[in-house]
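My questions will all concern the structure given below.
Chain naming follows the written order as A, B, C, D, E and F, and within any one chain the residues start at number 1.
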Amino acid sequence: MNDKTRANLETISVATVSMQLLKRGIRNVSMVGPKPLNTPMMPIVGEAYTLRYIPMREDLSTPEMLAKPDFAPRVAIEEAPSGSILVIDGRGRPDIAVVGDILIERLKVRGVTGLVSDGGLRDFDECLAADFPVFAAGPAAPASVTGHAAGDLQTPISCGGVAVIPGDIIKADGDGVIVIPKALAEDIGRDGLEQERYERFAKLRVSQGRPVPGIYPPNDAAKAEYAAWLEAGEE
Amino acid sequence: MNDKTRANLETISVATVSMQLLKRGIRNVSMVGPKPLNTPMMPIVGEAYTLRYIPMREDLSTPEMLAKPDFAPRVAIEEAPSGSILVIDGRGRPDIAVVGDILIERLKVRGVTGLVSDGGLRDFDECLAADFPVFAAGPAAPASVTGHAAGDLQTPISCGGVAVIPGDIIKADGDGVIVIPKALAEDIGRDGLEQERYERFAKLRVSQGRPVPGIYPPNDAAKAEYAAWLEAGEE
Amino acid sequence: MNDKTRANLETISVATVSMQLLKRGIRNVSMVGPKPLNTPMMPIVGEAYTLRYIPMREDLSTPEMLAKPDFAPRVAIEEAPSGSILVIDGRGRPDIAVVGDILIERLKVRGVTGLVSDGGLRDFDECLAADFPVFAAGPAAPASVTGHAAGDLQTPISCGGVAVIPGDIIKADGDGVIVIPKALAEDIGRDGLEQERYERFAKLRVSQGRPVPGIYPPNDAAKAEYAAWLEAGEE
Amino acid sequence: MNDKTRANLETISVATVSMQLLKRGIRNVSMVGPKPLNTPMMPIVGEAYTLRYIPMREDLSTPEMLAKPDFAPRVAIEEAPSGSILVIDGRGRPDIAVVGDILIERLKVRGVTGLVSDGGLRDFDECLAADFPVFAAGPAAPASVTGHAAGDLQTPISCGGVAVIPGDIIKADGDGVIVIPKALAEDIGRDGLEQERYERFAKLRVSQGRPVPGIYPPNDAAKAEYAAWLEAGEE
Amino acid sequence: MNDKTRANLETISVATVSMQLLKRGIRNVSMVGPKPLNTPMMPIVGEAYTLRYIPMREDLSTPEMLAKPDFAPRVAIEEAPSGSILVIDGRGRPDIAVVGDILIERLKVRGVTGLVSDGGLRDFDECLAADFPVFAAGPAAPASVTGHAAGDLQTPISCGGVAVIPGDIIKADGDGVIVIPKALAEDIGRDGLEQERYERFAKLRVSQGRPVPGIYPPNDAAKAEYAAWLEAGEE
Amino acid sequence: MNDKTRANLETISVATVSMQLLKRGIRNVSMVGPKPLNTPMMPIVGEAYTLRYIPMREDLSTPEMLAKPDFAPRVAIEEAPSGSILVIDGRGRPDIAVVGDILIERLKVRGVTGLVSDGGLRDFDECLAADFPVFAAGPAAPASVTGHAAGDLQTPISCGGVAVIPGDIIKADGDGVIVIPKALAEDIGRDGLEQERYERFAKLRVSQGRPVPGIYPPNDAAKAEYAAWLEAGEE
């Protein structure tokens, strides 16, 4: 993702990205579960670094496991690159925490851009106090080993019901979290900017009393009117 | 719905309507899914204008469909009468938007009273910025054609798990959304007012230390005491 | 629960209790469904007084039932001891209310510590206005008899997916609600205090740039460092 | 339940009972989950003896509990009266067994009429080999203490999503399991017989080519024709 | 659907149709819920005639409604054309019947090809005794008005989670039920035949010990080998 | 797994394994979803070879992917060792097939012991005709790429809600599928044999009229009686 693409994707909304992906035939990319939890909301864009859990099994999921040097969920906290977004497959379980405030603190210190998960956060208020962007299911007291066992790092995962491949672009704002296949990021950013420019025009006209049909989406007359509006520099 | 009934239904709460309907043997009328989303909450009463979606199918659910003049979801935006409530069967899918900010703007301009749906809203913050009453599932980035196909207009629908017949009375407040069968609206409004008057009396007594049994619901002694209280004009 | 245990349990968090129970092999104690609903949040600790509902049946679930002197849900409101927490098995139905504002008022007058349920609250805003701690599923207009029938009082119940035995200790805060088996309360309180002391040390070090492995959970070096930190009175 | 009512209820089908209850305003009585498991199917009628489970908790749900003399699930096996139907609230969990083949054997030896549960059966093939009527969710290897803890006996329960009060009449056949409130059993049996007699007439006519409207449900002409048919002894 | 297309679609399997539709970018067409219920299984192909239910409401869903001449579910039984398949939106509720044995008898007499629904069947054994093809959720005692209210006829519906437009082609066999958009039926039938011919070749080779890669799907060598096999008339 | 352990595990039932694991504190090992599909049932024991799917994404899940030499689901078919059990994480989706008849044929030819998945099978009847042991969710027409994308091979997975580590022992019979952590297999096999021997004794006594308490689980008297019974060679 080059700087221009990053800037474009930071400018446009998740809703716009969703429409651009749909226009390319890609529907199954919006996560169900992760919600914007910071106040005020903290939008993020970045490359996915993935962590995966599997179901709890009593012999695999003990507090002692947390101290093992190769315990994937702890390795992830140290290895997710600065600027990346840590995406955790929390198995769609809002009632089990995938991290707590100490790990959030560490992610922040290390320069990670944000956290996305369909799991919960423990020590929820302290997590939010860190001013670190979190898109997750909400508060949940039980530590990960209460309900999960370690899976692995940097493999294809499911999060919020959609596929995430390491390196995919994650974009999150008040409408939720979406995954942009890496190969499409540049096009989505460019065309999304233009989509939003037109939508500002359309919304202006609608607020002035214009019916929606013909203007959104635009027919030929609306396209001409929009071109004139752009030309006139009224934007 | 005459003016008096409307005024009564605006005064009483959804909880009161629920009890009045239960007293008439009607239980399955409270929607599950739609939540009050405005801050502060904006209660509404009005007649239902209905729109229905069916499941997405790739040949039926494309961005191009949005431009077709008979695409029901767009027709609904132009046809829902001023003063009505647009009720959208979003198939219980909080993760798919049924409208976004441009359509909300149009509904507001046209004088529609409010929107009720078990689906989501895209461009969520802009939707709320319109100060237009919305009772829906919350934010969702994907446009309707990402997960739905067009159904039809002004037919009986399911919304939030309950039946809505065009013309039914919709009442929504902080407790949620309830459907009042049209034929019952007058009685519900009248008897609900009286129910709430008694409950103010009962709550006053309870706050003064009276046990709940006997006073809520009232036995004969409590009824007499209430009559005296009304007589005395202490309300 | 003696005063010291109570004080300890009031000091520590639900997340800490969860970890202490996990260390004793007990995982299935965190409720799914009840959420902290007061603003600001009102944490509670107390002994459980239990009430149970069963599914609605039209002959068992009528408004008239509310007036019967042995109707368990109303008896509970009068019998839950001062200082106890009323825990209501709402059958995991967020859409049916287990109490409304008048009953909340009565619980408050009677000195009950708080309410926990996986069901909803009707007259939601008035419930919150009472400044009485409620951990429940959120607003729901339908009264209990719309969707439930009376079960019984002070028997083992399910709430939020976990077992609650009358007399168990309930602890609730911003992370949710947890059940502490009575026999374990003293140990959990004592060891939880120490756990949180260590975690303050660990978080301090992490905020200073220390990697998580080795310090959380602590290896021998970290334990020694922590002992010195305690000794030095830096806490 | 007198002998005549029992005979009537044995003759009519669960579908007929369902319609008769609906005619009396009672809808929520058909269980979801329990299925007829014997081959050939073994229909049953009898009074409910109830057993209830609550969620597993590791300190309450151990193999050792099975040996305690007051462990309710084992007491139930010895106490359910001959001729009764043991109805077990298995918490809607098809994946946890509520009984296995040894307990089924004991129920059969003791003369219990049958077993109904929304939970599973372990040693499934051996259970079926006993030729004892079971209406449950299907096979499930884990013993009850793997996923449940003991609740209590002969209290109101939920089974398959509906209320069961001890002493209610249970009727089960190939269409599933239904609960008949005790007070209604006699009327349901009597009117159900007549309903089925008419339906045999209606089906005969339909098989002869008659359209459904007018004959099912019957209009006045069809009622007269039916009366003549009865008179003629063609049944 | 001309005779050749019908013959082709009768020859190929639902699994083949699913792959042909996927190759055209159409994924969301296989129903979840309807199962083949006849023994032996009775495959069907035909045009969809649709019926829709909405949620039960006590004032709309009474036994008396069944006698009203415009009650859509009964009209459907008389109006579904001979040779069509009656597809009923049972709202994904396996526990509520959409038809019983008398209506099945009438559908058979009238020459309807079969019934598809995500709802249940009452008088289940009698339904099966009619030797009329049914793909539905299984047995369910409660009549439709116990849990549904009438929707309408011949409108776009949801069934088993997928869209069905009146006139779409329904194909059902042991793998379940699939919807073929009308415009694609001819192509699907033609290409599906060829797909199955190749798969017979591939399976033969695999049964002779050939590894799957290269032969399924075929590389160029396998295609050539297949062409020779066809040429040689070994099929 | 040595020959004796294998023999023991083949002799005992899944229900017995479940109890033996529970006695060691391990509860979360029984799969929910996979069912015995062969008639007659074909029990299996073997080491797990794992395959994982992630959610479908339109750019990752195309028919063309099936031809890529590194497409994990096809590699698995060629790489799962003779004598192993292929365990496929089908994401708990019974409506999407994880394999069809051609791949089943190949697994059989290669000497794989059986297939376990929480997903479905396409060409269901042909799959069963192969007489190859399958424990899966049932028939499902859509090919894997209709609803899944490729994950990876031989990593820890979730299947039927439980953790499976490559090399874990899988045991499946009429009660379902259970996972035995490799380190425990020997002990489980040995102690399970003894458990079943006692249960034969207990069931014999129960069939002779003995109450369950005291004998199952056994008190000291029952243990002595059992010892005598063994001694006497009455087994």
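By definition in this document, contacts are C-beta pairs under 8 Å (C-beta built on N, C-alpha and C of every residue); 3 or more make two chains touch, one makes a residue touch a chain.
Treat the numbers as computed from the prediction; the structure is a model and nothing was measured.
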The chain whose C-alpha centroid lies farthest from that of subunit D is chain A
Are the two sides of the subunit B and subunit C contact the same residues or different ones, given that same means over half of the numbers occur on both copies? different
Find the geometric centre of each of subunit D and subunit F from their Cα atoms only, then give the gap between the two centres in Å, rounded to an integer. 32
Could you tell me the distance, in whole angstrom, between the mean C-alpha positions of subunit C and subunit E? 49
In whole angstrom, what separates the CA-based centres of subunit C and subunit D? 37
Please report how many Å separate the Cα centroid of subunit C from that of subunit F, as a whole number. 38
What residues in subunit B touch two or more of the other chains? 25, 27, 56
Can you identify all of the chain pairs that touch? A-B, A-C, A-F, B-C, B-E, C-D, D-E, D-F, E-F
Hey, which residues of subunit D end up touching subunit F in the complex? 56, 63, 66-67, 69, 74, 77-78, 94-95, 97, 100-103, 105-106, 109, 122-125, 139-143, 145-147
For a test of understanding, state which residues of subunit D touch subunit C in their complex under the given definition. 25-29, 54-60, 91, 149-152, 155-158, 161-165, 179, 181, 183-184
In the complex, subunit F residues that touch subunit D: 13-15, 17-19, 22-23, 27, 30, 32, 174-176, 178, 199, 202-203, 206-207, 209, 211-213, 216-217, 219
